[in-house]
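Letters A, B, C and D mark the chains in the order given here, with residues in each chain numbered from 1 onward.
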Amino acid sequence: MSDDMKAMAGMENMDMAVMQACMDACSACEQACTVCSMQLMDCAPECMNCADMCNTMMRSMMRMQGMTPAVMMAMLDACIAMCQMCMDACMEHADHSEVCRMCAQSCKACMDACMDMKNMMMAAA
Amino acid sequence: MSDDMKAMAGMENMDMAVMQACMDACSACEQACTVCSMQLMDCAPECMNCADMCNTMMRSMMRMQGMTPAVMMAMLDACIAMCQMCMDACMEHADHSEVCRMCAQSCKACMDACMDMKNMMMAAA
Amino acid sequence: MSDDMKAMAGMENMDMAVMQACMDACSACEQACTVCSMQLMDCAPECMNCADMCNTMMRSMMRMQGMTPAVMMAMLDACIAMCQMCMDACMEHADHSEVCRMCAQSCKACMDACMDMKNMMMAAA
Amino acid sequence: MSDDMKAMAGMENMDMAVMQACMDACSACEQACTVCSMQLMDCAPECMNCADMCNTMMRSMMRMQGMTPAVMMAMLDACIAMCQMCMDACMEHADHSEVCRMCAQSCKACMDACMDMKNMMMAAA
């Protein structure tokens, strides 16, 4: 069995709509976090970390040939943890910063989309 | 307690030499994977994924103010899984590609450095 | 005059719709190039280079406080050159690869959007 | 003539030591800028922009198969402009921030290494 077939084992039944929604949510979250970091408020470090992780998560989903289900799960867990942390940091400013409020919403949407990916992968396995 | 203090809780006793070694290993692994991907062999997707994750991991360690111990642990687990996968893919070509052999070594060194980070963080907690 | 005011000098009259269109084109091009690179055809190195540059270009537009008009112009020139090169490489496969054809279209759209940014900035200066 | 040969035309006489020094300077500058941005001072936007560009510049040099001399020149010009801007921003804080002083030094070293690359490429053409 070739490397590619090993890598893809357990992924051939994936729901592409769920994966596309997750990639879109990662891209939107990277952008919201990048904009939010420019306020140089105390959530900026969380936003910069979250922006980089969301970009890496999105690219990994576009490069499934170079992923295994186990690595994908670990990446999704890390991305969920990062989005949760950034959302919490931005929610503390949501009352007085519209940018933080929108960033927190993007983080929540990305978290949810990553959880949908996990659930879909577990159902497809 | 401020956001920054919450974020740093449990990290103030970290061994900076262990963290510096991990950042250096991530940087070296990103570079080895980028070079290896240029061979356009069947390990290239794994190498591209690993390069991006190693860069994101390194930057997260440089932005500790925007991390919590739990998020750091999830990121380290994902980076370890990614390096292991890339190492395995490159090891299959290690006999005939010196570039793959060096890439696999960098992945192994990065995995080990991430495990050292995890052990150090658990001891410091 | 503060750093921020210096940095923004000459940018306060920018057309935000043109800039938003450019950021969207950069994001779309990064994604198309990342997908195209997975074919491991001889355009893959161009695609990887173009994907990274488009992401950096997009982020720079989101971080205008840390840009000057001259730096923005140099970045746009580099991004245009990168997109042109990647488009040319992918066009050679456009007849037999639908993915390459779509990648070339995204590169063309990104080039055009970067040129629109340049024209808008020169008109606003 | 294949794509790869076209891409490499004019680059086969390059001095690899100069290119390696430039990649090392880009990597060091990305790291210094990332650390400096964490101070959330008014140079942070410049530092974030410069960090991303230095990483993209470094990776482009590692993926020379997907570059042409003209694109490389445009990228080097953009990287030089970015480093100059970030150096200027950080130099304003160099008296009271050791981190800014070191960041400015890394930007200067990266600028110089990119200029060496340009000179070497013009001599090799």
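Criterion: contacts are C-beta pairs under 8 Å (C-beta built on N, C-alpha and C of every residue); 3 or more make two chains touch, one makes a residue touch a chain.
Nothing here was measured: the structure is a model prediction, and the numbers come from that model.
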Inset, instruction - Select the interface copy of B-C from among A-B, A-C or A-D: the correct pair shares over half of its contact pairs, counted by residue number. - result: A-D
Inset, instruction - Weigh C-D against A-D on C-beta contact pairs and write down the one with more. - result: C-D
Inset, instruction - Starting from the mean Cα coordinates of subunit B and subunit D, work out the distance between those two points in Å. - result: 23
Legend entry - Centroid distance [mean C-alpha coordinates] between subunit D and subunit C, Å: 18
Legend entry - Length of the line joining the C-alpha centres of subunit A and subunit D, rounded to whole Å: 29
Legend entry - Of all residues in subunit B, the ones touching two or more other chains: 37-38, 42, 44-45, 48, 55, 59, 63, 65
Legend entry - Touching residues on subunit A, where the partner in the complex is subunit C: 23, 27, 31, 34-35, 37-38, 55, 58-59, 62-63, 65
Inset, instruction - Mind listing the subunit A positions that touch subunit D in their complex? - result: 37-38, 40, 42, 44-45, 48
Legend entry - Complex contacts: residues of subunit C adjacent to subunit D: 2-4, 7, 42-49, 52-53, 55-56, 59-60, 63-68, 70-71, 74-75, 77-78, 80-82, 85-86, 89, 92
